[in-house]
Every structure is written in structure tokens, then in C-alpha cells.
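By written order: A, B, C, D and E. Residues from 1 in each chain.
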């Protein structure tokens, strides 16, 4: 996630980081060059390069805007839902810290340690290539082997927490009611895990992505032929602006579609997992808390 | 569901699988040929084929985009809601595995076996032609006859699970509270079943489908007459691009409208039911787990 | 609700049932005839009938598309919410069948009989002119008089079910907890009833309907004057296509606005109430179940 | 709320009540007159009144449609959410009537009487100028002074109901569980009250209203200059139609933005409060029920 | 939040407060001046300043409208969700006041005092620069040091409230059930806190903001060249109107994106926290209540 203040109007045009301009620069440049060539060729010999009316392009461009707007909306909703799921994990972890005040210290410590590990394990589960040592730092040592052997680390941890509760219930330490209340909190973490897996594993239907990619590219490559007559030497600038808008929105949609990735506009799930750790360690009365996660180069991971 | 990495820019134009191009190719080709004929005829004898202004087509095309966008949105929402329902089944099944830790092993085994069968039975219920033997694999043998005789297999299994809980409650094995907590989990599976049935049995109103199909086809067949003058020999290429976009979105809407079907962009419910089986068998302590479902030819069923 | 397979491309243009074409045919024909007259009059004497530029019509037509899209969206949401409410009734009825397994047979039978009657009574409540004898078929005879005298039949039945639970609770047959669990299920039926009443009694604000009707009609009646010059003898066909699209979407919005009506695209609530009856009778162990409701002439009521 | 059947096509154009035409008639007439003047002046002396191309107006008009559509959507959502909140009150009141069947008659009567008063008090709270005597009709006399002195009448009534429950719980008349179940029902009424206050007190950001008002008016006042050349004497009719559409949607948005007001398209909250009273009095066994609220002049308040 | 009545038509054009005009005036003026210069230069020497067809600008402008509409929608949804979260705090605080009627006076007083402090602490947490003394006014003195030392003030207060409940439960003052009911209410406050933090800390992806800012500005700066020919001396007025609309919506989106800020259209969270204080003090029986918060200069903070 990019964290920076709104730039001034002048700076606005020269910011690179956080912009998608770097990823789409070659294509935009190609459209610019193609436009310049078409205008030049058209001036040299009007019969050499076909130049057509811009009317039909308006129709296609507006239709494309509507459909691109639809895909961007779907991708943004996925991104925001993913953020909501993590927000739910944050307050569920805090709820657990509050509800376990009725337990003895040892069991509470163990439950909250596993919860801290759950956050870090979820990062590893959702973002391949993450630091796999992170979840182990607070994980009770007797669970390390089972965690490593499990197909689904976070689900394993939830089951272990369920086992602790079942044990406390079996010995009569907690009543039926307390078991149900605490199990309900685990259920929220389970729902949040399934929501993240859903977003991670089910992209926007590939057919949409393909259709819109293709149409956007074909449209921008045809555009110079339609604008050359109407705009003359202004054509390269206008077509490059159109290409920047269309390719840019398409690329942003790609970033948001997989909100757990490592592109600049993706969600800072490492920082969120650290926030959970800090919250729970404060709740456990620890005072040597790590600093809050800070963005590097305006980017929070 | 199509599972593949984002292709490079060049490959983008030559991917067939996952594209709807195969299903709409005849129509697009027809529009291309019709356009070529109109342009040729118009050049041979302008009076032979009427050629009209492109202005009115822009109006109709943009209106069509708005309405097509509306239908695509509705179909995508159905598809995503269906995926959410299955995500809910995944975490509900895991919740059941965690909550039943307070029960004895035999009853837990029986409840989770029926839950595994429920996932596979739901596939058969939603996708006619599925392997009907799959739900029977883990189903307790005393339930097979009843399951086969039932009008609604998944609903039968839920009622059987309710019967187990009522029995445990009647003998005092579980308290009122535990009965209510476990019954609440069954209630979530029941809600999820009804949501899938709703999406399966209630398509987008047929009137919309018909109206948009007809308008899109008529529009694309009229288009060559409106563009021939303005675009000349570029007409076939531009009209084919327009037809590809409109027919393509229309066809994608059809695929998503019935998310439990077997078209490439439909949901991989077989794989999801297998995921539930693997999760629950791991929770039961089994170690000879089958591998995670893998896509074949980029497609996960 | 119209139930039929996707027609082939050719059949697509000749389907009448399920299409709104029958209801808007006179208006579309009028626009066609008016266009033909305008073109003819304009050719005979250009000064006789004013013919103007098509530019302003594009502006108005696109604005109209956006607003018509808004109303269609609102109407579709109502229709889908109504279907969701009925889906909720289906799984709530099944939940009740499962939860009442802890009761004695007589009380369970009575509760489920009233639930079956509730479904049919709701049809009568929402769709005037329905078969009022249907709810009485399974209703315990001692409730018939009260049901007939009540202002709100379904609400009366829910109160009676609440009375049964209060009685069971008063005699200590069910515990506090069971009472609360079963009452919660009745609460879901009560919420579903209120949702249906809301959709039934609160249409989309009449001002929208009126404004969009008027604008759509005036627009289509003015259109021939704007297109006559640009399209010549193609005008009647294009304006009729525009009129078909706009009037058709307007008419479809009307159908979906009142989803409990008897128009072809409305919800099949009679069939849904029968589904509930079949589900509950199967749960009660009956075997002489009626067949599942089938569409007649592709229409399920 | 306007309650009337769909008018026939001809009547459609002559309905005044329920239309916003009365509120925007002066502005539409002004645009009509201005257009007529511009066309006349332009014919008399083309240099006197500037007349420009209509192209730029199309751009502005379509942008305005998109933004106006956004605001209308937001206002409609508020209106519909307000209706949902009242629907929630209706079923919550019925739930309370059902749940209190386990109490003695006196306490049940008192709780339901306060609930009836709550509905009427909410009308006074949301719609200044309502009949303040209405809530007092069923309010127990010992609460009248407190109700009148309270800053927030409905909140006071909910607290009093909470006090009754706390009293019953303190004397052991109701168990922990019943207290929690009944308090949950009060919680739903509390949530519904806060939702109504939110919609009542937090309008759509004033900046949007201002920006869209200004742009819509400036646009319609500039329109005649852009259309005069293209449309000639048809200009006044077309610009008046555009103005009717834009001003009309703007005015409808204003009506829906404050759904508790007394404009024709606002919600009939007086009638809804009366429905609650009738439902609860029927539940209390009263038979001298008032008639259901009827619309006057097609308008239900 | 701006609180004022709908102005009359004439006043509408001269309101400054609440309008975004002040923040975007320089840019709009610049576009006006640039347009005037382009038209003048074009008249002096057509070859000096390029003037091109307006067609391509329509395409770009409409695409921009769709994308700007998407961002405004997302920002408005954030703003409204933030308001809903505060509405939830209001009714949760009232629920707590009602539920704690079953407790002794001292504990109730302490819990509600912390709840009052929670509202004010949340304002400080979300809006840097707020009066940090405000939460301390009602905070029990033994909590002041801990509150000041905490990383997350509101979370600290919730944990303290959880500690009070755990204490009451440990001594048997409240039953399991009452503990769960009250803890559920704290859970709602915890969820609301996490929702506010999410909206506060996760802006709309910076890539969108940057792309739309840049495109909107470049578009408006290019517009004069495209309109000069078509509009002549009307160009400055029309381009300034377009710039006002586009820059204005962009600026409004910025205001709503961070709904807890201090710009005129942001949420009045100080007033909402005061409302909670007044509600709870009335519930505690206090009579020396402060007046309800009033807007200053039409603005409620």
C-alpha cells in the first residue's frame, strides 16, 4: 500500500512511485510512436496509410469505458473485501484478548501466542515467498512440527485453539457457555480465513480479463488511424493520453485483483499481522513492544 | 475456472482456451464477411446497398453498452455469491470439525463423514451429470438407501445430522447449549444449500436475456451499413472488433449466469468439495490424504 | 418465471413467450409507422415536416440510458431480494424440521403443518387472486376460524406457533434454551414476511416511473425527426430497434418492480410454497409426495 | 408515498400528482422561453446571439448524466434503507408480541403499549410538525412526564422497556436467558432508531448537491445556444425535454434524500406506525381495530 | 458536515461555504484564462495555436466521467460506511446503558463513564490535533495513566471494560450468560473501532487517485484547443464549466476519502461523541446536560 500525502499540483505530474506508469510505459510509448508515424505517413502520402472517421471509435471507446469500469469495480470490491477481512481479524484478535481475561494466565498466554502466529501464518499462506520463520517466533514449540506438516497452516492453528478450548471444557474449567462464546470467536477467524482463501484462489473470470485486455489494446492501436485526420500533429499526445488512461486502469485492475500480492497498490498484510502482534502483546502486559510498521519509500508491505 | 498466469502482451492475442472466442467465432466471422460485402457493394454501386450516417449507431451502441453492463454485473454478482456460498461451506465444515472435538470419536467421525458426503452430494445436486458415486464413498452405509431415495440429497444428509444431534441431546450426551451451537452450524450449511439452489434454479429474468441478445445481434448486423462510408475498407476490422466485444460480453454473461455449469469460466465445485474432504480428513487425523485438486489444461472443474 | 433453455441463434428472433414484445408491440409499431411517414413526407416536401440534426438526440438518448439503467438496477435488486427472502423461508422451514426433532411427534407435526400453511398463506397475502383454499389444506382445523378472521394471515400463523412454543415452555417440556432457539427460527420467518410486505407495498418512487416513462416515450416519438435526414429509408428500422430497446427495458422494469405478480418474468412463489410443502412432508416421513412443480408453457408460477 | 396503478399510455402525459413537474415547472418554462428567444434572435440577426456547435454540450451532458445518476443512486439507497429500517421495526414489534407470550398479561400489555408509543414517537422524532399527541394515546400515564422531558423520546421509551425487563429479571420472574432474548429484541429497535437518526441527520454531502445543482442549471441555460443552429424551431421543445429530465431527476433526488419528509415521494411513516399499532393490538386480542391506513389523493403519509 | 437548508435558485450560485469552489478556484481560473488566450491567438493567427476537432475529446471526456464516477462512488461508500460505524457506536452505547440496568449503580457508572471517554478517545485516535483533554474529563482517574501510556487509547479502554466484566464474573456478581451478553456489546464497539481504523488507514489505492488526477488535469488543459473552433468566444465559459465539474468532483472525492478529517464535508465526529455523552448522562439520570452540538457557520465538526 502506498502511503503519502496528496502531492501539490505540480509534483503530481512527476511522481513515479505508486503510479502504474512504469509498468505501462512501453505500450504508451508504442502508441505515441505509432501515432506520430501515421500522421507523418498520412502527410507524406494520404493514400499510403488509411485514415478514417473518428465517429466509430467514439462508440467503441465509450463501450470499452463502461466494461473497463465494470472490471475495475469488481477488482476494487475484492481488494476492499480483503481489507475488511483483515480488519475483522484485528478486532477478533482483540476480542479474544478481552474474552480470555476470564481464563488463567497460562492458557490465555498460549491462546494469544497462537493467535499472533495465526496472523503471520496467514501472510505466508496468502503471499508465497513470505518469511516462513515469522509465524514460528511466538508459536509454542510443541506445535511447530504439526504446523510445518499441515497442508493448511492457519487452519491447523485454529484447530489447535479449538483443542485447547475442548480440553478446558472437558475438565470443567470453562462452562458450556464460555466454550460457545470463545468458539464463536474462533469461528470468526475461520470465516475470515476462508474469505482470504476465496479471494486468493478465485480470480475475476479469466474470460473478462482476456476480452478487456485484447479490446483495449486493439482499440488503442487502431486509434491513431481514426484521429490522424481530426487532430493532425496533436494526435500522438491525445492518443498517448487515451492509452495511458485505458492501459493504466487495466493495470490497476490487475494489481487490485490479487490484493495479497507484492505490487505497490496491494494490501500491507505484513504490517497488519504486526499490528495484531503489537495489540496482543500489549494486552498480555508486555512493554518491550516493537515499533509500529513504517512505510519504506512510501510503500507499506 | 481457468487458472493461468497473466500472459505476455504478445501471447495475449493468441490464447484460445479460456477465451470465449471459440463460441462466438461464427457470428464474428459473419459480421466481418457482411461488412466486407457491404463495402464492396457500396463501391461497385452506391445505390445498391444503403449506407447511412454513423451517428444514430453511436446512440444505440452506447445505450446497449449500459444495458449489457447491467446484465454482466448481475451475472458476475451471481457467480461471486455462489463462490461465497461455497466458501461458507468450507469454513462451516472446518467449524464443525473444531466444535465436534468435544464429542466422542465415533460420533465425530460419523458427523464429519456425512459432511464430506454433503459436499460431494451438493455437486451432484447442482451439476447434473456429475459422478453420483462420489458422495457414497464416505457415506455411512446405513444412510445410502435413504440418500438415494430422497428428493433432495443434501437436505436429507442435513436432516440425518440433525437426527444425530437430537439423539445425543436426548441421551444427555450433549447439553442444551452444545446442541444449539452445533445446530447453528448445521443451519449455516442449510442456508448455504438454499443459496446454491436459488442461484441454480432462478436465472436472470429471461426477458433481459432475450432483449439484450436480440438487440446486440441486430445492432451488429446493422453496423456495417452505418460504418461503410466512414471507414471504407477498415469497416470489416472495426465491426468485427465491436462484434467481438459485444458478443463476447454477452457470452461471458451466459457462462457466469449459471456458475455451477461446466463451461470454462464456471466455478470449480468438484475441486472445492475435494478441498473440504481433505480439510476434514486432516482434522480426523488421517495422513493418506489425496493430493490437492490440480487444473487440467488450465481448467479446474 | 420463464424456464427454458437458451435458444439457438435463429430461434432467438422468433420467440414470443417470455419476451416483452407482446406488451410493447403497439408502441413500437407506432414509432415505425411515424418514422415511415416522416421520411416519406420529408421526401415529398422537405419543408412540410421538420427534420433536424441527430446530435442533440444522442445526448438525450445516452442520458436516458443512464437513468433507465438506474431504474432497471433498482427493480432487479427488488426482484432478487424477494427471491432471497423466499430462499430464506425455504431453509428456515427446513431448519425448523430439523430442530423440532427434539420434540414429541404431535407437536412437531402441528408446528410443521402450520409452517406448510404459512408458505401458502404468504402466497395469498402477496398475490391477490390466489387460491385461498390452499393454506387451509394442512392447517389444523382449530386455527381455521382465527386465520380467516385475521387481518394478516401469515402473521397470525406465526403468533400461533409462538403460542405453541410458549405453551411447551410453560409446561417445562422445552428448556429456556430450546425455546430461544426455536423462537429465533420463528423470528427469521417473521423477518422474511416483513421483507416481502415491504417489497409488495413500497414500489419504486412513482416520480421515477413517471419521469422515465414520459421521457422515454417523448424521446422515441421525436426520434424520427432527428434521424430522417441521416438514415433515409433505414429510419423506421433503426427507430423501431431503439424503441424496442427502450420500451422493452421500461416494461421489464415494471415486471420486476412487483416480483410477486403474475407476469411471465415474476417469481414462481406458488412453486416455491409447494417446494416447502414437499420438503416438510418428506421430513415428516410421508411418502405420498406430490410431484415437483413443473412449468407450463415454459412458465412457472 | 404515492399509491396508484400504472396509468394508461395516454393518461401518462397528463398526471400531475406524484410528478415533480409542479416543482420544476418555472425552470422548465424559463428554459423553453429562453430557447425560443435565442432561436428568434438568431434568425433576426445571427450576429446578435452567439450560436455554437452542439458537440461540446454532448460531452458535458453525458458527464452530467453519469454524476446525476450517482447522486440519484445514493439518494435512492438512503430512501430504501430507511424503508428497510421501518420494516425491521415492524417485524421486531411482532417478535416482541410473540416472545412476550411467556410473560404475565399485565407486563406484556405494558411492554406492547410502550412499543406502540415507540412507533408514533419515532414519527414525531423524525418528522417535525407531526401530531405529538399520538404517542401519548397508548403510553402508560406514569411515563408521560418522563417522555415529555426527555431529549430523545424513543430512546427514553426503550430505556423504560429495558427497566421493565431488568425489574422482571431482578425478581426472578424471567431467567437470564429470557432476559437476554428480550433484550436482544430491544437492541434491534435501538439499532433501527440509530439508523433512522443517521439518515435523518446526515444528508448527502452538501458539496455534491451544490455542484450538481449548479452544473445542471448552467448546462440547461447554455443549451439553447448550442442547439439553436442544429434544431431550429424544434429547439424549445428539445431543450425543455432535456431540462425536464435533468431538473426532474435532481428534484426527485432531493425528495428521496430526506425520506422522512412530507413530500409526495417520501415514506409513509405515519401509516407504518399505525400498521404496527394494529398488529400489536390484534396480538393483544383487541377486536375494535382501526381501519388500515388509506391513501388520500393517491398519497399515503 | 455542512448543515443548511436547500438554498433558493438564485442564492444557489453565490454560496461559497460548503462549495469546493474555493479549493479549485485557481485551476478553474487558469483553464478560463488559457481558453481565452487560445481563442484570441487562434483569431489573430490560426497557424500560431493548433486547434483541432472536438470529437476525440468527447471520447476522452466520457471515459473520464465513467472512471471519475467510479472513484466518487468508492469515496462516498467509505464516507457513508464511516457514518454507519459511528451510528453503530451510538446504539451500542445506548444498549450498554440499558443492559447495565441489571448491575449495581457503581459498576454501571464506571462502565458508562468509560464508554463516554471511548467516544472522545476515538475522535482523538482518528483525527490528529483533536482536544486530547476531552476523553480525560469522564475517565476514572485510576485509568488516566494507563490510557496515556497505551499505543491505542480506545482499545485500552475496551480492554479495561472487559476487565471489569471479568471481575464481576469472577466474583459471581454476573452469570455466564450476562457476561456473554455484555461482552457481545463490547465486541460491537471493538468491531466499530476496527472499521474506523480501516477507513482511516487504508485510502483508495493511490494509483487510482494519481491516474485520475493526472488525466483530469491534462484533459482540461487540452480542452481549449479542441473547443476553440467549435465554440469561439464561448469557449472560456464552457471549458471553465467543464473544469469546475471535473475538478470539483475530484476534490469532493478527496474530502470524502478521509471522512474523519476537518474539511467542510467530513463527518462531525466531535458532535457525535458529544451526542453519545448526552445520551449516556441522561441514562445515568443526570439533569445538567450540555446543549446539543450546534453547527457554526453552517458547519458541524
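In this text, a residue touches a chain if its C-beta (ideal position, glycine included) is under 8 Å from a C-beta of that chain, and two chains touch if they have at least 3 such contacts.
Just so you know, these numbers come straight off a predicted model, no measurement behind them.
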Chain E and chain C - chains in contact with each: D
Contact-graph separation of chain D and chain E, given in steps at minimum: 1
Chain copies touching (chain A, chain E) - same or different residues, decided at half shared: different
Length of the line joining the C-alpha centres of chain A and chain C, rounded to whole Å: 38
Centroid distance [mean C-alpha coordinates] between chain D and chain A, Å: 38
Whole-Å gap separating chain C and chain D, where each centre is the average of the chain's CA atoms: 23
Where chain E touches two or more other chains at once, by residue number: 55, 58, 62, 64, 66, 69, 177
Graph class of chain-chain contacts, one of line, ring, star, complete, other: ring
Going from chain A towards chain B, every chain in order around the ring: A, B, C, D, E
Complex interface listing, chain A residues touching chain B: 27, 50, 52-53, 55-56, 58-60, 62-64, 66-67, 69-70, 74, 150-152, 155-156, 158-159, 162-163, 165-166, 169-170, 176-177, 179-180, 183, 186-187, 190-191, 193-195, 197-198, 202, 205-211, 213-215, 217-219, 222, 225, 254
Footprint of chain C on chain D - complex, ascending: 1-2, 4, 6, 9, 12-13, 15, 18-20, 54-55, 57-58, 61-62, 64-66, 68-69, 72-73, 76, 79-80, 83-84, 87-88, 90-91, 94-95, 97-99, 101-102, 175, 177-178, 181, 227, 230-234, 237-238, 241-242, 244-246, 248-249, 252, 255-256, 264-265, 267, 278-279, 282-283, 289, 292
